[in-house]
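The next part holds the structures, each set out as structure tokens.
Next, two complexes with chain A in common: one pairs it with chain B, the other with chain C.
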Partner chain A sequence: MEIKKRNESGYSIISLVGEVDLHFSPKAREEILKALKNNENVLVELSEVSYIDSSGIASLVEGYQMSKKSGQTFGLLSVSNAAMQVLKLARLDSVFPIYDNVEDVKD
Partner chain B sequence: MHETLLEISLPADACNLREIRDKIRNATLTLTDCVETVDRIILAINEACMNVIQHAYPNDYNGQRDIVLDLYRDENYLVILVKDHAPTVDPGNIKPRDLNDIRPGGLGVHFIREIMNEVEYLGQTGEFGNVLMMKIKLVNQ
Partner chain C sequence: MTGKDTFTVKPADLPAPPQAALKILRACSRKDINNSELAELATHDPVLSTELLRIVNSAFFSMPSDIKSVTRAVNLLGQRALRNLVLCISVRDSVRQNALPDFDISSFWEDTLRHAVAARLLAEHSDLDDDECFTAGLLQDFGLLVMCFLQPSKASVWHDLRKLDPDQRYEREQQVFGITHDNLLQILGRSWSLPDELCAILGTHHDCKASSLSDADNRMCKILYLSDWMTAIFNVQQTGDCLRQYQSLANELLGLTLEQADTCLAAMPAMVESSAVALGLHIQQQPDFEDILSQANERLAEENMSYQELTWKLENALAEQDRLAAALDRELQVAREIQTGLLPSRRDSRFPVIGYNHSALELSGDFFDFFELPDGRIYFNLGDVSGKGVTAALLMAKTCSLFRCLGKREHDPARLLSTVNDELAETMIRGMFVTLTCGLYDPATDQVQLVNAGHPPALLISKEGEITELSASGPPLGIMAGSQYTIEKTSLSGGCLYLFSDGLIECEYAPDRVLGVSGLAKLLHKLHDREPDELIKLLFSQFIAQAETLKDDITLVMVEKRTPHA
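What follows is the complex of A and B.
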């Protein structure tokens, strides 16, 4: 897995690339929580995620919960089909704010 | 008909999960023409292996710390056995979480039960401390 980060339209976009499994999800979690602790509004881009397991989903849930407490923006961006299948299986596709583009984000 | 598809034994370490997934994909690709079904099978087995890695072996466990995976086809079913040498776990302690309770963790057991047609904890079996048996019916679209 690879993690890329960029700023766009006032959001910190954390892109997860490849297979987000138990071996790599701690790095994703660390990057997401670090950005939120730094008061950034965070979008996690999943367009290049080819596989995600429950540990990767847990990292996203943790970020979502932290943002709810702090009032920051947190959402998922350009979710790949592979990631969406797992979000649906977890019934989380209707819990996370999910956007196709940064322009669609509503604070 | 009992057709062995895969028999592997690997150290119970997260760094081996990708190799496990690759081997499962190669072993199951010809079983169904539905790519999504193969993806779901891989996810369920990955979650079962994760449970062994994260929960089965105590930190101070000094014995053989591995995962043994058997996949075979039995008529129209794919049968998966996930075995370990860890201390035997009480199956009553293995529960999925309430999905309405949004929190990190606890999803793995839900994934397994949602994907598989049958899930059974066989407990101590032979040399193994725990054996999880999962079955999924193979349906071509």
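What follows is the complex of A and C.
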């Protein structure tokens, strides 16, 4: 598990790598909220997520709810199959804006 | 050692023995000298010869009768003893009493005598002449006195030096004076015409383990080094440490047993006092060795005491931790009871809804509920709160209550979930949410209206064994106000509807092997014709048997038209 962060086209891209579980989620949450509090437009990249549980989803939900209130951009970027399965099963694909790449976000 | 640290000694600056003494010392190194010649040299200095006779007749030498002439003294004691006596007197008189105002000369003589006496006592255990050892011991620290004599501004350091153990003191001497007492002794020995082998012994006693001297000289080296440790025992703060180091060195260097080492130490104080009298030196009354020992033991006891205190504090802290853990445990137990009280109790065997919950932790994030409406239809649900522990349990209680309270008025399950969702979304914190499947079952028509909010699919297994997955139509509750849900209508027709939490499909029934929805469907299909209680028992025996490794709660609800068994 690892968190990488980079800037691309004016977005802060927070990349989660590995299993986003009860152990890893607090770190992911902290990173996401820190960026949002810092007025950044946040995309959480899930291309290298092999597993995500409800605590990981909760971190994303919290980021999403916070961005709604402040009017910032928040979305998920290149979601891995494992993560997409979980999102679809819970119909969360209807909640989060999900993009394949950063260019799509502008559209 | 850098050049800056080195101190250069000019022989002219060194204290010199009296002329007569120097003549005797030089004569002693000649092979052809006879006793009467030596005696005559001594007699030339009336002060020296009087002092010689006084010492020889003191209790220290225990001579059988009064010795009135130096010639007789030399005849009785031998030339070497005379040389030693002359050396002792010369050392004693080398530094005038008030030459060093910052130097506590009486404590220096005290330690010098301790060295001499210790060396003499150890001589008995190493086949060496006790007199030779005594003199060497008397000389071994003489270098320090001379160092202070040459650098009087640093003389007050002596007070601190003597409280260090020999090895520490040796290092400190080098730092302070730029030279050590043994190095200085080698230089001094030459100007005092001391025999070469004695110079070599005195000059290397701190390096006795690596010495290249003859066997006997090396043994004397070791004796001198040990006498350093014996003397330190009387001065250092860490008496116990020093004592143990001496005991271990005495065994290593001279093969002394613990008893022999202690006997030598115990004999020191009395002998130091008598030799002080003999040499006319004024020292304090010597502490009893027993006092020194008990001092060492007291320190040890103090150390043990603080260790005991530490243990006691640790025990108390652990007890307090246990007490708090027990209190928390009781609170959690009560919370668990309240939570369990929120779950509906089992109805009679005709009732079509049966639920089961097993919590991985004290408090569960899973829940299920069912209740009848006045028209006979039955509302049922199964939910899973994100997260664990107390926060999850509180949210579970809230969701449960909302569902039950609103459900009694709202008989459209999709609208009911929308309302519950809006209510939860309004106050939700930390991204928490609830996945939930609920339904309304009409026993009269065998029809089910099912709504799934972000929960794993429900499984419908028909009478013929056909499996249908009923997936979520909207997101979990509490995430987004205004979420819409749709009803899935189905008929049981002799089949059974199963709702379950993800704990069941994600549970590892073997290392790295989880059941999954399809695996669970197959398992349920296999057990389909069993009585509900037996089915639950068989199903859970697969998982609860591994309850120790259970990471998530496991909850199951089954809905089935039931007929009473005869």
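Note that in this section the second predicted complex is superposed on the first by the 105 of 107 C-alpha atoms of A that agree within 3 Å, B and C clash if a C-alpha of one lies under 4 Å from a C-alpha of the other, contacts with A are read in each partner's own complex, and residues count from 1 in each chain.
Note that in this section contacts are C-beta pairs under 8 Å (C-beta built on N, C-alpha and C of every residue); 3 or more make two chains touch, one makes a residue touch a chain.
The structure presented is a predicted model; accordingly, all values stated were derived computationally and were not measured.
Engineer: With both complexes overlaid on chain A, does A:13 touch chain B (first), chain C (second), both or neither?
Structural biologist: Touch status of A:13: no partner.
Engineer: Tell me which partner A:65 touches in the superposition: chain B (first), chain C (second), both or neither.
Structural biologist: both
Engineer: Between chain B (first) and chain C (second), which does A:23 come into contact with in this model arrangement: first, second, both, or neither?
Structural biologist: Only chain B is touched by A:23; chain C is not.
Engineer: Is A:85 contacted by the first partner chain B, the second partner chain C, both or neither?
Structural biologist: The answer is first: A:85 touches chain B but not chain C.
Engineer: For A:77, using the defined touch cut-off, is the partner it touches chain B, chain C, both, or neither? Pick first, second, both or neither.
Structural biologist: Touch status of A:77: no partner.
Engineer: Check whether A:55 is in contact with chain B, with chain C, with both or with neither, and answer first, second, both or neither.
Structural biologist: both
Engineer: In the overlay, answer first, second, both or neither for which of chain B and chain C A:94 touches.
Structural biologist: second
Engineer: So in the superposed three-chain picture, is A:46 touching just chain B, just chain C, both, or none of them (first/second/both/neither)?
Structural biologist: In the superposition, A:46 touches no partner, neither chain B nor chain C.
Engineer: Look at A:36 in the shared chain and tell me whether it touches chain B only, chain C only, both, or neither; answer first, second, both or neither.
Structural biologist: The answer is neither, since A:36 touches no partner chain.
Engineer: Following superposition on chain A, which residues of chain A contact chain B and also contact chain C?
Structural biologist: Touching chain B and chain C on chain A: residues 22, 54-55, 57-59, 61-62, 64-65, 89-92, 95.
Engineer: If we count contacts the way the header does, which residues on chain C are in touch with chain A in the complex?
Structural biologist: For chain C paired with chain A, touching residues are 384, 386-388, 428, 430-433, 435, 453-457, 471-476, 479-480, 483, 502.
Engineer: Can you name the residues of chain B that touch chain A in the complex?
Structural biologist: 14-15, 17-18, 21, 36, 39-40, 42-43, 46-47, 50, 53-54, 99, 102-105, 107-108, 110-111, 114-115
Engineer: Which bits of chain A are touching chain C when the two form their complex?
Structural biologist: These residues of chain A touch chain C: 22, 29, 54-55, 57-65, 89-92, 94-95.
Engineer: Once bound in the complex, which stretches of chain A touch chain B?
Structural biologist: The contact residues of chain A facing chain B are 19, 21-23, 51, 53-55, 57-59, 61-62, 64-65, 82, 85-86, 89-92, 95.
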